[in-house]
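Next come two complexes built around chain A: one with chain B, the other with chain C.
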Partner chain A sequence: MKRREFLLLAGPAVVVMTLLMIAPLVTTAVLSLNRFSYGSDLSWVGLSNYTQLLSSPELHSSLFFTLAFVFGTTALKVVLGFGLALLLNFAVRTRSFFLGTLLVPLVVPPVVGALIFGWMFRADIGIGLYQYVLTSIGVDVDWFSSTSGAILLLVMQNVWQDISFAALIFLAGLQTLPAEPLEAARVDGASWWQRQRYVVVPALSGLFAFVAMMSVMDSFRVFDSIAVTTRGGPNGSTESLMFLAYKISFQQSQLGQGSAMSMLTVLGIVVLLIPFLIRTRRQFTEAA
Partner chain B sequence: MTVPTRLTRRLKLAAAGGAISVAAVAGCSAPTTTTTAAAAAKACDVTPPAQPATVNVLAFSAPAIDPFSDAMVKGCKGTKNVTLNHTPVDFTGQIQKAELALSTSGKSAYDIVEVYNSTLLKYASKGWVQPLDDYIAKYKEKYRLGDVDPAAWKGVSYNGKVYGIPNQVNTQILIYRKDLFQAAGIKPPTTYDEMLSAAKALKGKVDYPLSLVWGSDDAILDGFHEWLVAGGGTWFDKDNKPTFDSAQGRKALQQMKDLMPYMPKDTLSFGNGDVMALMQQGKVAMTVIWATRAAPINDPSASKVAGKVAFAPAPKGMTGTPASENSVDGFAIAKNSAVPAETLFQIIASTTLNKDVQVGASKVALPALASVQKDSKAQQPHWPAALENIANGAQPLPAVPFMDPLTKSVVNPYLTKAVTGAMPVDTALAQASSALEKALREQGYIK
Partner chain C sequence: MTAMTDRLVPAPQPADTPPRETDDTVRRRRRHRARPKGTRLQRWSAYLMLGVASLFSLGPFLWVGLASLKLPIDAFSLPPVWSFTPTIEAYRILWYDRGFGSFLANTLLVGALTTVISLVVAAPAAYALSRFKHVSGLWILLLALVFRALPRMAVVLPFYYLARITGLYDTRILLVVVLVAVNQPFTIWLLRDFFASLPEELEESAMVDGCTRIGAFRRVILPVAGPGLVTAAVFTFLLAYQEYMIPLVLTQTDAVTLPVFIAQFSTENIQDWPVISAAAVSLALPIVGLVLLAQRFLVAGLTAGSTKG
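Right after this comes the complex of A and B.
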């Protein structure tokens, strides 16, 4: 394909992407250097919003929760998603049924899923089925009034909502794996676990990286499940960076500082994605 | 042919079933809103605007708000050249949508906005809502606006001007399980100490002796306000500097902390709906909650404890003031609305302040019309307690434009930490006061 043809075909998409993604980002960056509220004029403050945020205990607490949430959900989605994919790959006859069941959380809107998931753990208003079952077997966790309980609740909800996506990706990878390396490993006397560890996982390393990357990006931006379940509590311990940005912008009406908070979140996502970006670049370079 | 006939029959049956289901669901609106909408349809008295106009109403959904939203939207449905739209939102969503819509330099996405004391003060101070004194004078006789309780007008006024049309007054009252109190041989509490004693006496006899609306994202500040003012404390001085970090403030916060062991563990995540649900489920012996929640708690179709609850004024603090809060709800008109303000005024005033609409909503809302408040036919079991509460001096939140959401979002985290023991009470109040003063200076409220 000639360069001119490429530019002609890719150009519209690039323009649209620029308008929809880059322009708001640049606008937010500019706004983050100002102090303003609803209906007020912009007042230039330079990096003051950033210095205030970076020195605030709320940001530190929010960052701690966000990182714990990101790593917790990503690890669980990768491990459990792969496990589910292995099971689905094994269950040939009933695969369609289980796949359909697995897809239900994906089609439930996130807010609805989070709301109902949270209700299942409410002990006080008589509808917490999971809480009832757990309490009857001696597991008594304060899901909404203890920090660890609230974080665990949010992690579980997020994993429940998104694990089917990871399982689907891994299942697709498992089904396209060439059979010869596995056969060879079996002939060489490798156990099931050794085949997974030394043949399957390395072969699917790109998919593991992809699933982890998607999970990191999504989890870092978590907001809706917090807004409808814990609302940042108890004691602000489950306020993610996005929730804090929302609180600063729309409850405290500090839109400049909220913009700065959003920029810091974007920066955080980029930092966490650097290993994946380097890996992807290396793959493309090697392929070329 | 056989197959098409079978299919046609099945399709017909399915369609009929679907139609019946839809009709059943559509007919399931609350009886109160149906009553008020029917009354409002007769009351709606609007001069059709010259040009077709679409009126968008912003109001959250709650038992006491829906009758008035429906009165406007359904009552004036047939008005020539007027199309009314209303999609209920949650309370937090209303606050945020209102700010966005009212502050825009273009035309507002919402023409009529539900307001209460704190939000109205903010909007009026920023010039976002229409002053209504001229329209009130013009339509005083036509819509009998002189019948509105003066306290209701006061609740929607700012700097001597009226900016909203009130449809109800509200106050927080004590709702308690008279059966449990009788069995325990105790009387409904009239002071904080009696409340604490009652909670101790009821421990073990019910799931939770007490439940209060102390959601850390919103209402915990209302709880602090109640005990602060009941103890003689104040929020701000005349220069808007915080004054709640005081002996009265520390006592109020300590009193709140001492009540926590008698309440559900998740109290700090509760909104009004959650506490109401707990009362309806029979899990709580007493609560201090908005009077508008009394009817659902005593409703046999929704509550397991209907007929077993009684109502009393909120317990008083040291000064004799009820540890309670007053509020006035109403509707305001967006200054940047594309619809003529007079048309919007007519829609609101002719419907929500109509006597039959007010009587129809009286089960869930304490009416703004003085004549309906005194109407024995409209009287509800909880009204005497509510009216006594107001007469005894229950206070609304301070009449400043930065109370909600700014003060709440800054102060609430510290209140939450104090009542859970994560931070000492005096440290929490000191830090809250300092943080709020900083925020108020940044926003220009303190010079």
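Right after this comes the complex of A and C.
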């Protein structure tokens, strides 16, 4: 393809990306060096928004929660998603039925999913069916007023809603897997576990990386589910970086500091994405 | 192709003699063997586990769907009430008193506009990126990946600030513009995969016949990219429909979308519980229908990018 043709076809998208993504990002970076709120004028404060944020315990606890959340949800989605994919791959005839039911939470907006998932664990009212069942069999977890309970609730909600994506990716991979290596392993006397461990998992390593990447991306900016379930509580222990940025910007009306918080979040995700960016680059250069 | 014609015109085979080992019979037997796997016990335990997973997956929706048909007193009481007189009162309140219809219409309109604009901008770019093997193409793709992962706040804040100044705050136009900006990188990624899977010979032969590159894209590539475009459309729409933070920050009353509408209910007001339940059901049902109707496109879209990208 000629350069001129490329510019003609990709030009509009590049313009849109520049105007609507890069320009706002740069603006946020500039705004983060000011102190202002809605309606007030900008006043230049240099890096003080950043130094204030970096030394605040709020940011530290928020970073801790976000990383724990990212790690917990990603590990669970990879492991359980792979398990579900093996089951779906096994159950040939009923596959599309089960897949359909598993996909429902994925397409429902996270806000709505989290709202009703949170209700299931309310102890004070009859709508909390799961909580009622759990207490009646002797499991009594305080989902909303204990830190570990609240984190667990949010992790479960995320896994519940997004797991079918992981399962689907792994299923697609399992279906393209050639039969011969598995047959060979079987003939050589490898057990089911050994076949998964030494044949299937290595063959799907690219997909494991892909699922992990998507999960890291989405979990790192978690906001919706927190906003309608724990609201950052108890005592701010479930405030994600995004939730904190929103709180500072719109509840405390400190748009400058909120911008700084957003920039730190961008920095965080870029750092987390580096291995995946290198991987994409390698694939691109290999294909070229 | 040969397998297909063979199946249409089956070769006559004597019933009691073993069939000849043609390519086709081997293939058919392999396919047959791939069907029911494992022993009966293994199969039933797999079905059992999948059944439990499905129940967990749908459980909250079924329970909340039930709650939406209850009177507030029944939805509220503990232990949970199983037998009750169903009522559609909550739906009446939702649709007549709370104006659910207008929020739904607004959400659908914003979603549709976002989808159309995103596709128009992203499709040519995705095609160009799938064919242009130059380092600048790589940079655009990497940038799109970072943008796909970008925390919303970092882009929404300046839009909020500027919208307040220009008076675009709380308008549909602003919402569509920001949704296009945020979702377009994803649309490009998705479509690039589809275009990359189309053989280059397609447009090359058209260009040998005197078509320009742009003409070949329009007349040859786009017509065969239908399934890919539908998939991308389904996804872009879904992302716009699901978005919470952007409309939360950029709207107040006029352009509010469903996720914001539902989240702003006071969950402390007991009377509202069946109504919020009804709202959740009313919002989920159309997309559940979409899942059932477009499962093929949905699956294609979800798995795109994993095999190559």
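Quick note on the criterion: the second predicted complex is superposed on the first by the 281 of 288 C-alpha atoms of A that agree within 3 Å, B and C clash if a C-alpha of one lies under 4 Å from a C-alpha of the other, contacts with A are read in each partner's own complex, and residues count from 1 in each chain.
Just so we're on the same page, a contact is a pair of C-beta atoms (placed from the backbone, for glycine too) under 8 Å apart; a residue touches a chain by one contact, two chains touch by 3 or more.
The structure displayed is predicted, hence computed values, not measured ones.
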First (chain B), second (chain C), both or neither touched by A:S205: neither
Partner chain(s) touched by A:Q283 [first = chain B, second = chain C, both, neither]: second
Partner, of chain C and chain B, that touches more residues belonging to chain A: C
Which superposed partner A:F250 touches (first chain B, second chain C, both, neither): both
Which superposed partner A:V16 touches (first chain B, second chain C, both, neither): second
Partner chain(s) touched by A:S145 [first = chain B, second = chain C, both, neither]: first
Partner chain in contact with A:T51 - chain B first, chain C second, else both or neither: neither
Chain B versus chain C as contact partner of A:T230, first or second or both or neither: first
Touched partner set for A:Y38, first chain B, second chain C, both or neither: both
Overlap of chain C and chain B interfaces on chain A (superposed complexes): 38-39, 124-126, 250
Complex contacts: residues of chain A adjacent to chain B: 35, 37-39, 58, 122-126, 142, 144-145, 230-236, 247, 250-254
Complex contact set, residues of chain B against chain A: 96, 99-100, 102-105, 126, 128, 207-208, 215-217, 264-269, 274, 277-278, 281, 283, 405-406, 408-410, 413, 416-417, 420, 422, 439, 442-443
Residue ranges of chain A in contact with chain C within the complex: 1-3, 5-6, 8-10, 12-14, 16-17, 20-21, 23-25, 27-28, 31, 38-39, 84, 87-88, 90-94, 96, 98-105, 107-113, 115-117, 119-120, 124-127, 129-130, 132, 160, 164-165, 168-169, 172-173, 176, 179, 206-207, 210-211, 217, 220-221, 223-224, 227-228, 241-242, 245-246, 249-250, 255, 258-259, 261-263, 265-266, 269-270, 273, 276-277, 280-281, 283-285, 287-288
In the complex, chain C residues that touch chain A: 30, 34-38, 42-43, 46-47, 49-51, 53-54, 56-61, 63-64, 67, 74-81, 121-122, 124-125, 127-129, 131-134, 137-138, 140-161, 164, 177-178, 180-182, 184-185, 188, 213-214, 217, 238, 241-245, 248-249, 258-259, 262-263, 267, 270, 273, 276-277, 280, 283-284, 287-288, 290-292, 295, 298-299, 302-303, 305-309
